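Next come two complexes built around subunit A: one with subunit B, the other with subunit C.
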Partner chain A sequence: MILNELLLPIFVVLITLILGAGVVDYLHHATSALGKQMSLRRSLNPLAPLYRLGLALSQQSVITEHPDRLNLRLAPALYFALAALGLAVVPWSADFIPADLVTGMVLWGAVEVLATVVIFLCGWSANAHLPLLGAYRYVSLGLSYMLVSMFVLIGVALPAESLQLSAVVESQREIWNVLRQPMGLPLFLIVGLGLTFWGPLDFASSPDLDRGISADQSGASRLVWQLARYAMLVAFSFMAATVFLGGWLGPWLPGPLWLVLKATLVLLILLWMGHNLPVMTPDKFISVAWVLLLPLSFVDLIWAGALALW
Partner chain B sequence: MAVSLWQRLAARASVPVFVASGKDEPDEIQDMLWQTGRIKLVFTPRHASLLVVTGQIPVEQSQSLAIIHDQLPHPRATLWCGGQPCFEFIAAKRAPSPQTLVASAEDLPQRIKETQKQLLSGKRQSEPDLNPDRPPAPWQGKGDHGQGGEGMMGGKPYGRPMAMMEADLRDGLMLDALEFSVGPFYHGLPAGLMASVSLQGDVILKWQVESPPFPTALPSVFVRALHQDTPLADLEIWRVRVHLQRLARMMALDGLDCAAVRTLRLAGPLPCITQAGLGALQKQVGSLEKHLRKRGFFALGAGIGELDAQQANLMGGYVGRACGMQEDARSTSKPYQALGFTVSCQDKGDVQSRRLQLFAEVHQAIALAAKAGREEVMLTHEEIETPVGRLTKRQAPKDHSEMLQSLLPGMEWREALMTLASLPVAGATREGGWQ
Partner chain C sequence: MDLANLLLIPLIAAVLILALEKCLRRNHSSYPQARPYSGGGDLSSHAWCRFHVRYYPMALLLIAFEMEMMFMYPWAVVYVAEGIKALMEMGMFLTILALGIVYAWREGVFRWQ
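Here is the complex of A and B:
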């Protein structure tokens, strides 16, 4: 009982996030090196994440002047914990769901909101200009994509008539939500970019701020923040695969394998966007989010509602 | 000293390097390191293991360099390339050791990798701090909490300014304003530029130049054309190169690292390009431009950093032409007229127009170089249009950093840096040009 319902789910969630973060690191650097036309052997070296891990652990963790030490240390742990909470409600098969909450979608919504607090905490507690600016910037833009997320997620809950993720997966047995609500996945991917401040929505740690909230991190402290950020990318990919790509459903292969394959596909799309799309200016993103994305998410919701009634 | 497993693994990782550029350093070394495998250029010294100082650092900037040095995490080391170690920096603790000097840029990648290995294996000691580890100013002053401001805000506790309420530029609302200094080695600014900045959120309230950027050395081919017959094709090829390097820096600032490195790979070998290679280059630049257009590189700059006619006139060069001004020294030169040169222009004068203008000039310069190469056209002229403005025997392109004080306030931080990257703010010098 304790093994199956407590220890195994915790183990699966943690191991998925840690191994997943390693995979994200590998894929991110490999695709970047290939894009820069570096040598194939070096670009695809599977041990490269271990080398970077070694480098991070060999470097000193510099502490800024008079930081809020408690919050500085708590922020990455909390961000990782949020990723774990988000992944915990994702069903791996009909029988294995680490935490099968009837309000699983609401929990994911809470993860998105609390991530804003944690990311701000990380930038603010360093007591340095550039991290603080990155943190301010993230908070000021957070609402723009969180509203989109809310409408898109309500859209996928409608055909399932439930906020439980296992029910959302079951509702896709005939047709996946990516086909039933074609605008949903692209909009949700934008939410993912915002949640993980990745690629075109990397406002919190963009190059113009010398990496913003990460600007004054080094060594192990930078490593744990990076781990938490990659873990959130993994959790988001699993969530997107679950609510739009039919989760564990699929022929021939075991359900968990289908889920991993679909999540990897989402991850690759996010990484591709990270390498190929420029970081937007905050001002332009605000306009795009409120003038284009939010109305589109309304349309997506109306479309989903009409289909559910029909 | 036993070498741990982590250190052995770390020795195989890419070496994170922070580059501080000094005087007369045309970013060539930085561009070369960008393209080198197993070296990773980083934006902040906190992420670096090695500090590479290129060019000569003026005495007055040596303290800033010492602060950058102390921000690197241990184990760390400094390598000097293309300039003498500045005495104030080194004399603080020790005399310059031969280990820290790199004779030529070609040796630099290898020296970087060797130095990192020595640091990780313990064969080389990590460099100690140059400044004492204490607050730059004591926590003293007026205010309720002794920080020197009002209430719980403002002041400079420990020499670090805290936010204080000021009226917003756009609607007059009282919002937190944060004052601080940036430069002279901030990667988003031209090397040497130091400014005192006041920010409200992301919006710049005030931009006060504290020291102008270091003058950049013009490629020697442009200086030579003032005095003696020079192959016109060479001038145009160097124009392509400098424009592509500028575009690559803009891409890097936009997070398009892969495209930036691809662009630098096109620019790097250009001085040795053959006539046959120019046709292929035209195609590659066209495909790069198409790639960037699809990804929104140009559209991103729309409406940002728009210059008025006076500012554009003052800057001249491609900046003026991006603003619609038909000013180009090449239009008065007979060899160029014989090649059918016409001035190409944009109309809006914003970052988007400057990006488009640079690409248009790259295409035009490749075509001119191909034609001039075939016809072996030579040029000597009293006015030369360089990639950063007009050059005469008496005058080189000037420094325009003062203009930033009126141009940047009101812009968001990111917009300001995009604007800066699109302008040749630093003055040019004729001495010691690149070969």
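Here is the complex of A and C:
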């Protein structure tokens, strides 16, 4: 009993995040090579993530002169822990749910909010200007996408009449939320890019800040930070697949396999968006988020509400 | 078991990363290397100084909305049971908040000052 209900869920969540981070690394570089005229053979090599891992391990871990040592170590650990917490509430099948909380949706909301704090801490702890600027920029992003995410998720909770993720999956037996609430998934994907400061929303570690919060990271500390960031993208993909693509529901194949396939699809869409959407500036994104995305999420909620009462 | 998992999973995840970083760290950097990178610029001040956060009016506006989320979670659960009444109530509430956004937009809250 202990084995099935305690050890297995912990093992599944952590292995998914770590292997998933490797998959993110592989797909990110492979899809990046597809668009540009780069050496495809080298980029599509399945061992490429291991080469990059080895490169990171052979580097020195230089840390800045007077850092906030506690937070320097804690920031990647807490970011990864938040990803694990988010993935823990995702149901893999009708009876395998690592943590089947009645308030699973609220917990995911808390993960998103706390991620802002943790990413700020990462930039703060180096005690250097570029990382700190990246951190302040990230907070502006975090405060802007948070509400969009909440409204979209509330819209998903309406037909389920519950904040429990297993109930949200059950409510999609007839029709998936991605069809029932067509604006939900696109808005939620933008939130995902924000949560992992990916692609067009990479304000925290953008090239114009010389990689911002990562400017003074190297070796092992950069490796664990990137691991945590990739893991967060994995956790987000599983969450998006669960609330919009019917989670583990599907014919023929077993539930967990469906969940993994759908999460991989979400991941590929996110990576495609990361490579192809134009980069925004942080000050412009605040306007776009509050004046365009937030009203759109209102419309999504009204749509969801009207349809739930139909 | 759900609560035990909820406590153990993030705890083990955090410890795993802390241990990983500690084991993999090769820390033989020299003193000049520890100087913050700063794009080659000259450091004239400490990084942890007073900083003008240009978007603070937006941060204040967010607090109003975050309070509103507190009402929305229980509302979402009873929504279908309460029916059209719940729709109207939240509709009015959101309209008032949306007017707040329009006002804030006009006042230039979403521009970095």
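Basically, the second predicted complex is superposed on the first by the 310 of 310 C-alpha atoms of A that agree within 3 Å, B and C clash if a C-alpha of one lies under 4 Å from a C-alpha of the other, contacts with A are read in each partner's own complex, and residues count from 1 in each chain.
Definition applied: a contact is a pair of C-beta atoms (placed from the backbone, for glycine too) under 8 Å apart; a residue touches a chain by one contact, two chains touch by 3 or more.
Predicted model only: the values in this text are computed from it and were never measured.
Colleague: With both complexes overlaid on chain A, does A:26 touch subunit B (first), subunit C (second), both or neither?
Modeller: It touches nothing on subunit B or subunit C.
Colleague: Now for A:199: first (subunit B), second (subunit C), both, or neither, which partner does it touch?
Modeller: first
Colleague: Figure out whether A:222 sits in contact with subunit B (first) or subunit C (second), or with both, or with neither.
Modeller: So A:222 only meets subunit B here.
Colleague: With both complexes superposed on chain A, which partner does A:10 reach: first (subunit B), second (subunit C), both or neither?
Modeller: second
Colleague: After the superposition on A, what does A:258 contact: first (subunit B), second (subunit C), both or neither?
Modeller: After superposing on A, A:258 lies clear of both subunit B and subunit C.
Colleague: Is A:279 touching anything from subunit B or subunit C once the two structures are fitted on A? First, second, both or neither.
Modeller: In the superposition, A:279 contacts subunit B only.
Colleague: Counting only touches as set out at the top, which of subunit B and subunit C does A:138 meet: first, second, both, neither?
Modeller: The answer is neither, since A:138 touches no partner chain.
Colleague: Mind telling me which of the two, subunit B or subunit C, contacts the most residues of subunit A?
Modeller: Touching more of subunit A: C.
Colleague: One more residue to check, A:57. First (subunit B), second (subunit C), both or neither?
Modeller: After superposing on A, A:57 lies in contact with both subunit B and subunit C.
Colleague: Using the touch definition from the top, say if A:291 reaches subunit B (first), subunit C (second), both or neither.
Modeller: Once the two structures are laid over each other on A, A:291 reaches subunit C alone.
Colleague: Jot down the residues of subunit A that show up as touching in both complexes, subunit B in one and subunit C in the other.
Modeller: 57, 59-62, 65, 127, 129-130, 132, 136, 140, 210, 215-216, 219, 282-283
Colleague: Show which residues of subunit C lie in contact with subunit A when the two form their complex.
Modeller: Going by the criterion above, the answer is residues 1-6, 8-18, 20-21, 24-29, 33-39, 43, 46-48, 51, 53-55, 58-59, 61-62, 65-66, 69, 72-73, 76-81, 83-84, 87, 90-91, 94, 98, 101, 104-105, 110-112.
Colleague: Quick check: in the complex, which residue numbers of subunit B touch subunit A?
Modeller: 4-14, 16, 35, 37-38, 43-44, 46-47, 49, 71, 73-75, 120, 135, 158, 160, 178, 180, 186-188, 199, 201-202, 251-259, 261-262, 265, 295-297, 300, 304, 412-415, 417-418
Colleague: Quick one: which bits of subunit A touch subunit C in the complex? Just the residue numbers, please.
Modeller: 5-6, 9-10, 13-14, 17, 57, 59-65, 73-74, 76-78, 80-85, 88, 97-101, 103, 105-107, 109, 124, 126-132, 136, 139-140, 143-144, 146-147, 150, 154, 157-159, 161-163, 210, 215-216, 219-221, 223-224, 227-228, 282-283, 286-287, 290-291, 294-295, 298, 301-302, 305-306, 308-309
Colleague: Provide the residue numbers of subunit A that touch subunit B in the complex, in ascending order.
Modeller: Residues of subunit A touching subunit B: 32, 35-39, 42, 47-48, 50-55, 57-62, 65-66, 127, 129-130, 132-133, 136-137, 140, 199-200, 202, 206-211, 214-219, 222, 274-284.
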